[in-house]
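The following pair of complexes shares a single chain, chain A, combined with chain B in the former and chain C in the latter.
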Partner chain A sequence: MRKIFIIISLLIAITLFAEFPDGNELIRKVDDNMYSKNAVSTSRMIVHGRRGSRTMEIKSWAEGENRSFSEYLSPPRDAGTKMLKLEDKLWIYNPSSDRTIQISGHMLRQSMMGSDLSYEDMMEENELIKIYNAEVTEEEIINERDCWIVLLTAKVEDAAYQTKKVWIDKERYLPLREERFGKSGKLLKTTEIKEVFRIGKRWYPKNMVFKDVLKKGKGTEFIIDSIEFDVEIPESRFSKAALRK
Partner chain B sequence: MLKFLAKGLLRDRSRSLFPIMIIATGVIFTVLMYSWMMGFSTMFIRENARFETGHVKIVTRAYNELIDQKPYDLGLMNVTEKIDMLTNEYPQMHWQPRIYFGGLLDLPDENGETLSQGEVIGFGVDLFSDSFELELLNLNEALSNGNLPFKQGEILISQEIADKLGININDKVTIIGSTMYGSMAMNNFTVCGMVRFGVQAMDRGAVIVDISDVRWFLDMEDSASEILGFLPEYKEKPTLEIADVFNAKYNDENDEFSDIMLPLRKQSNMEFMLDTMDDRLGMFIFVFIFIMSLVLWNSGLMNGIRRYGEIGVRLAIGESKGHIYRSLILESILIGIAATIIGTAIGLVFSYLLQYKGFDMGSLMKDAEIIMGSTMRAQVTPVSYYIGFIPGVIASVIGAIFSGIEIYKRNTAQLFKELET
Partner chain C sequence: MIFKLAMKNILGAGFRTWLNIFILSLSYFAIIALQGFYVGWQDDASREMKNWDFAGGQYWQENYDPYDPFTLEDSHAAIPKDLQKLIAEGEAIPILFSPATIYPDGRMRNIVLKGIDPNQNLIELPTKYLADHDEEIYCIIGSGFAYNLNIKEGDYIVLRWRDKNGTYDARDIKVAHIFSTTVLTVESNQIWIPLLILQEMLGHPNEATIITIKDEMYSKEFSGWQYRDLDFLLLDLTNLIQVKTVGSSVMYAILLFLAMIAIFDTQILAIFRRRKEMGTMMAMGMTRPKIIQLFTLEGVLHAVLAIFMGAIYGIPLLRHFEKVGMKFGADAKDWGLSGLDDALYPVYGWKLVVGTIILVLITTTIVSFLPTRKIAKLKPTDALRGKMTK
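For the complex of A and B:
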């Protein structure tokens, strides 16, 4: 009787263990779904601050992970502000002062345009597999979707967040919820995908909410109004000269 | 009786010289220390009021929660209307809106690329409406190079940061910050002058711009971080009363953006600092009285030995012990008064010297975070003229009271025997 109990327990344990996929393989699939060779998008960023909400409209061009360019289209005060990311460098052009400033050092940790995102968040390597080791720890249903809960631990020293806890949609390979932790283990930011849409074979976030948990306010909503993948982007787009045009 | 005792003290200097020297020395230190602490306290209040606290300050409740961070995004709105209301309700006071902001000062090269960059603390103050802020911040005296701003788009920067970043007069610099709503803000200014306040916390990286420029730059139309209120002369009690009345009327616990008035004492750890200064002065006077009493007690005992014969004769001819004891105390009062007058006079000379010349403590305060001028001055007040009498006379009398007790131990039956020897 005892032997049968041990064998059954072992079988159950093995079965349960076998249900958890390899974490690294899982985030590779997330990367494959989320990231393309290049993309052009128009989006809105709605910052829900303590004194009300503010909407910014942005057009972005991205090539791989290392090159991106964005231009703020509205509101009028921010219109014409441009950001250029080349490798690990970030420049901002401000039309009212006609100055281009490189954002570096502690400024990278500051809020980007008053949102719950920092410039450092924007600079972060997009492909999870390059920064984190992943381990599937649990499964859970969120927003009626079956998800794996994956613990990501930084494998590079300059990662913006030491660990992340990510809820990955089992079918669509989308990180539906994310909790980002600092080196001390303190929760710093959360991300939640509220709405998704399908474009070709990909599932992509339509509406995301970022929340800096250290800030009062209701977070920053990021809505993608249109996106095109694998389109031709002229080389001149990713140059400092493009900032002043 | 007094005349008799005074003559005795003058003619027999050995009775009075040593106690007078001791007490006068102590009184000199008391007067000097009191005047120095008054100067420190007044300067501390004045400098903090000018740069930081006002005599009272109005902020929002949300701002007050993070007041050390100066979160101008949680600042006051509809400031013109608020100042009109305050001027009506408190006509004796002057109200001044200010915006404090942090940012980066960026000096471009000829191609517009960053040449040098440093962190600055910005002061958006009203430089053009009247001369109140100019006088308050003492800008004319603080100006070390160039001119004060006389038109929009001009900026004053601290001499220290100008030297550090290699900035010259008429250079175009960019201040990078964020608007009241968090967007990145950049604005170009022309450096018209450089200032040195002698206040280390300011000299490390202050920039001063007219508030209208800052409002435009930080998207703070008709807004301010704080409104500072100034009485014609600082008095603590009225500021506490005004704040109580204002807060009862306008401070709403359910509205994080309702206004709250903070009197100077309740800001920036001022209460602790001011109480500590009062405590230190009280402690100094107590310690002085205690030490002087011990010294004068000892001196009285020595005097008693020296005047052993004299007191014996006085007892022998029928003077009562109580009468002698009282006369010794009266003598001590005369000595105390004389010594205090001498000590106060000398103490006042030194105090006035420190009041007008000052003492540069800049090297000791280079890392200090508190707002304080580097030249410390004493301040002679009416109290300086009589503060010395308290320890001077009390110490002298206490010394006499203890040493005089020995008179009661004299045995009259032994007097003639003692006098014969």
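For the complex of A and C:
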């Protein structure tokens, strides 16, 4: 009787496990959906602080994971601020002081323009498959969408987050929610996608909220107003000279 | 005889003499009092800095630069074997630094996280509060920093850091003790936790950023480490006090200048009004150098009498300052100066007192002598008629 029970339990477990797709295959599909050769976008970043909210309009140019350039268009206080990321280096140009500074060390941990994102978050490598091993653990409905819950465990030593939990839309291969954990398992940051849109074959986040859970506040909202993939970006865009133009 | 005569002359001048003496005595008092505070501050600050931070000197990992926070992440290395022996004997303590972030009351703040042996006795940091806690990480924080963060003993703070590979981690740490010190280098924007825990958190076993030693070891050199002696470690304080002293010497100069103008005026006036007296003295056989000596001595006696007058009101006042110190209305720690507590206690060494007296006496002698040069050309006949020889 006991043997039969164990066999039935094992069969149920194997059947349930078999229903889950391969995690690594899943995140490869997510990477394929999310990342393109290059992209040009206009977006808004809304920082919800203690004393109200602040909206910044940003135009960004990105090529792969290692090169990006962004310019703040508004509000007037931040307009003209530019950021250049080349590999693991980041420079910021401040128009009021007409100076370019390289952000490194301690400063990378600071909040980017008062948001819940640090400069380090911006520098992080984005393609999941390069950094993580994935395992599908559960399924759940998020925003009326069927999702796989995928546990990502770092396979490289220098991953910023040891583990991540990602809710991936079963059909669109888009992460609708993400939780980032420290080595000891403490939840550090969350990302929630509130609205998505379709561009060609891709599904892309339209409105997402980043939250540093250790900090008080409602987080930072990021709204993509327009985005174009695989467009021609001149080489000069990713140069330090472009910061002062 | 000259001394008696000079004394008789200046006392005879009455109120004018006493006014000059008072002004001069104020100069003595101000110089000694202010310098005493600076000496007291330097003594206090260097003693406290040795007790709380530097001990007998420090070895710094070669990348460490306290003025460049960007160097912190790379400022760690294995502890040299010779120093490990000293550490085992309690003659040295390794300290590891790391940049980290805390979230007191949900606010983000970048800090320097420092790891130290809880059982150390070399410096006065109350590290015993860090010892023996199974699951939790206990920390100690300086009172000024704790006040800024609005945290109390027993509170928990979220600490976030990155290990040697750049991977984030975070833990709640408990504030085991809030210590009070005047040494800002151990309290400002920093949190202390046990060394072994920090080494484990960062993945830097048996490594340190600085090694504080009990006794100075000028001869020992270790590859990758630089020895910093007390002269070097206290250089900032010495320079700061030197700058302050130079700044305050402007005030001494003004006070001395006022007193010297009074002496100079008195001398000029005396030589002008006492021409007939000088003629009589010459007629009675007194030589010109003797007369110059007399008039110069009269000027110098002002400074001598000022010493006594200054002593009458100065000694009780300076003693009073020595006992109660000079109280600061605001929290002096907020001024960002090490060694300043709620009160500053002056130190008056004999060098300071004798040095000030010599300075004032020499200045007074010169100022008293200058107007008397005219006497050297004075003819007795002109003097007796009340004329100055041109």
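Everything that follows uses one rule, which is that the second predicted complex is superposed on the first by the 234 of 245 C-alpha atoms of A that agree within 3 Å, B and C clash if a C-alpha of one lies under 4 Å from a C-alpha of the other, contacts with A are read in each partner's own complex, and residues count from 1 in each chain.
Definition applied: contacts are C-beta pairs under 8 Å (C-beta built on N, C-alpha and C of every residue); 3 or more make two chains touch, one makes a residue touch a chain.
If you're wondering where the values come from, they're calculated on a predicted model, not measured in any experiment.
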Combined model on chain A where chain B meets chain C, clash or fit: clash
Partner chain(s) touched by A:226 [first = chain B, second = chain C, both, neither]: neither
First (chain B), second (chain C), both or neither touched by A:137: neither
First, second, both or neither for A:101, with chain B first and chain C second: first
Touching partner for A:111 - first (chain B), second (chain C), both, neither: both
Touched partner set for A:78, first chain B, second chain C, both or neither: first
Which of chain B and chain C A:51 touches, first, second, both or neither: first
Residue range of chain B overlapping chain C upon superposition on chain A, of 207-215, 297-305, 369-377 or 405-413: 369-377
Chain A residues contacted in one complex by chain B, in the other by chain C: 107, 110-111
Chain A-facing residues of chain B, complex: 62, 73-74, 104, 106, 108, 112-114, 174, 176, 178-179, 181-188, 219, 256-257
Touching residues (chain side chain C, partner chain A) in the complex: 69-73, 99, 101, 103, 105-108, 110, 158, 160, 162-163, 165-171
Interface residues, chain A side, partner chain B - complex: 47, 49-51, 54, 56, 77-78, 81, 92, 94, 96-102, 107, 110-115
Of all residues in chain A, those that touch chain C in their complex: 104-107, 109-111, 154, 157-162, 180, 182-184, 186, 188, 212, 214-217
